[in-house]
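Below is a structure I'd like to ask you about.
Here the chain labels run A, B and C in written order, and each chain numbers its own residues starting at 1.
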Amino acid sequence: MTSTLAAVAARYRRPMTLGNAVLDIHPTAMVAGITALIVVGLVSAGWVAPLVVSVLFVVIAFLAGRGRSYLGTILKLWLAVGLILFVLRALLVKGQTVLVPLGPIAITREGIQDGLRFSIAVMAICGGVTLFFAIVSMRRLMLALERIGVSPRVSYVILASFQAITDLGATARVVLDAQKARGIEAEGNVFVRARAFFPVLAPVFLTAMSATEERAIALDARAFNNPGRHTSLLDLKTWTGVDTALVAVAAAMVAAAVAGGVLGWF
Amino acid sequence: MVLAALKGVGFTYAYAEHPALVDVDLQLEEGLLHGIVGLNSSGKTTLCSLIRGVIPHFHQGDLTGEVTILGRPLLEWDAAELSRTIGCVFDNPFTQISGIRDSVFEEIAIGLENLGVPRTDMIDRVERVVEQLGIEAIVEKNPNELSGGQRQKVAFASIVAMDAPVVVIDEPTSQLDPEASEAVFEIIDGLKAQGKSIVLAEHKIDLLAQYADTVTVMHAGTVVMSGPTRDVVGSDEFGSYGVVAPEVTELGRRLAAAGRPLDRLPITRGEAFDEISARMRSTHAH
Amino acid sequence: MASSRFATFMRGYGRLTIFMIPIGIAINFVGGQIALLLKLPIYLDSIGTILVGATCGGLPGALVGLVSNAINSITSPPTFAFAVLNVAFGLLAGYFGRIGVFRVWWKTLLSSLAFAFIGGFCGALITIWVFGGLAVGGGAIVVGALTAMGMDLNTANFVAQMPMDVLDKVPTVLIVYAIIKGIPRRLLVKLPLGWVYLGQPNPRAKKSVAATAAS
């Protein structure tokens, strides 16, 4: 059931809320929190700490209600990126304790250690970055940036890019299908496929470029080029006690981790 | 006050060999709906771009003659003032949607955000405009998923929300079906009722004759006819510039040619209805 | 009210450039997607960077490269280590554009070597410095295979990266050349480097008074 206009307007009058405590954390506080976790995960040697942090990220994702999609993405990343990083290192890093000789190369214990450490450390970073973008939408991130004075043009470029990727991708797919229907082969050897590619691209890209002129005029009509101060319809939830607490805890964790690393606690 | 006054205006685009406007003399009054008609390269769009100030701020070229908008020379207006004073809507519904907002409500608010309108006022104005244009049903939808006709309505809403006293509209219905075209003209009529000055370039002469106060005919870059709608559309000269007269006017002419002229040459369906009903009543009375 | 530095920076590039940047970014992505879709063994993900660099200038091109890389890094953070390469593509494309390289097909073809050098040679350097020679993706597997056959790791990186990049950049620059050839005049006059492709002299070099209104 669609809300009435008055209900919609009323919703915009209230401060923005996403209905979940984790999602409502201010983007800046979220950056602090996730960065702190990554630092803690990486500052110790070995692969256990980054693994724990990666699992923690999954837990946070579920708390935010984005668990399922996050888990799907992160598992794919582990397979596509982490596994390759690990395998290559395990096989190729030179070490002393040979476990499995394979001709000119050998799997060594050092190789496995190095592989585990490097790949899981990288995956911890990946996990953190992916988590951030799973929780904070581009729109809210841009809003937070505009609040601290970043130009609305920057947010336009970023947000318009995402939309352009979608739009241009859809157009390209339509043209590619039309080419296939016309009998231009998209299967076969490399050269045949390459020949299918080029006639598709140039017209699609040219049309997109020509449209920018009209788009520029249309946005200019909406005072896009106005030099004065911009206001915002969406009211990003103001900084709360939760955010401050999170930043404080994050800072403390980083300090402790760095001190611990320096003092040799681990 | 005079909305726009052009004296001896000529314009050639920077990349072009032939001028788009040649020796244009035109005067348009405030508070009226001015229709501009003509064939495709007659200079309609260039004229609209000029009045809106898109030329010279956006399209560069060789501009001669005097152009005065709302009493001030065009070249003295700066871009920000122009976007506050003169709104513009054009024919492509797809390039007028910004693509950076998730709901129609937010999309309409973009102009107000850029103008620095405070939030509470902004929300009130968007609400009013949504009601005024009757687009409540799509107010929460993602603008990137709307049809062409819906997008055009949102484009109108975005400009109307900015509440500029003048609106220049360039062929808004060219990519729309008849139903959506009628809806757009109703929106334009609503703007006229609010007292705005409107310049409207159009091909759909039937709808234009119904709503416009004046009609200007352009041909080969110059103004060949300009005046109250009835005088221009009803005149014999009208058809000689490649522009087709309204259906009902054609009907009136054919009746006259058959020796049975109506009392008055109709230019709108309403007038045709009245004239023909009166004729049928008088015929039956015999 | 003071405008931000970014706004002031963009103003020097005319009104159209800021709208070309998202298109350039999209072209990068769509090029890459189509290459994957057609299972071509090349990336084709820098077409937009070089195109915007060649038509709007080195800095806008670099921005396209940087943002494209950043967006890719969201789903694959190791990519971010190579951001400087994408920036370099944009800057170089701007320089080449200004001196008219993309007006002539054989100069365009030669330019692919310069781009491939950056992508291949510097890319290998970064792989070695940041990832110890073993990064991700198909390239890494090739490197791994070469090393397994006895080649030194560092050499393997160069041997793997450079030919692949040449194979990628040749079609890339040719596509850019074809697209620029197809840009209508009315659009070229509005692009910062459009004068190159219209065969006009550099407008900034002239000290004459502007004939048209400044914005």
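Going forward, a residue touches a chain if its C-beta (ideal position, glycine included) is under 8 Å from a C-beta of that chain, and two chains touch if they have at least 3 such contacts.
As the structure is a prediction and not an experimental result, all values here were calculated from the model.
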Pair of chains whose C-beta contact count is the highest in the structure: A-C
From chain C, the most remote chain by mean C-alpha position: B
Centroid spacing, where centroids are CA-atom means, of chain B and chain C in whole angstrom: 42
Mean-CA-position distance for chain C and chain A (Å): 22
Of all residues in chain C, the ones touching two or more other chains: 15, 186, 190
In chain B, residues with contacts to at least two other chains: 57-58, 79
Where chain A touches two or more other chains at once, by residue number: 156, 160, 163-164, 167, 215-216, 219-220, 225, 227-229
Residues of chain B touching chain A in the complex: 54, 57-58, 79-80, 83-84, 87-90, 92, 94-96, 98-100, 102, 105-106, 109-120, 122-124, 126-127, 130-131, 136-137, 139-140, 144, 155, 158-159, 162
Complex contact set, residues of chain A against chain B: 2-6, 8-9, 12-13, 139, 152, 155-156, 159-160, 163-164, 166-167, 211, 214-235
Contacting residues of chain B [partner chain C, same complex]: 13-16, 56-58, 60-63, 75, 78-79
Parts of chain A lying in touch with chain C, wherever the complex brings them together: 73, 77, 80-81, 84-85, 87-89, 91-92, 103-105, 118, 122, 125-126, 129-130, 133, 149-151, 153-154, 156-158, 160-165, 167-169, 172, 176, 186, 190, 193-194, 196-198, 200-206, 208-210, 212-213, 215-216, 219-220, 225, 227-229
Chain A contact footprint on chain C (complex, rising order): 1, 3-7, 10, 15-16, 18-23, 25-27, 29-31, 33-35, 37-41, 47, 51, 63, 67, 71, 73-78, 132, 134-137, 140-141, 143-144, 147-150, 153, 171, 175, 178-179, 182-184, 186-187, 190
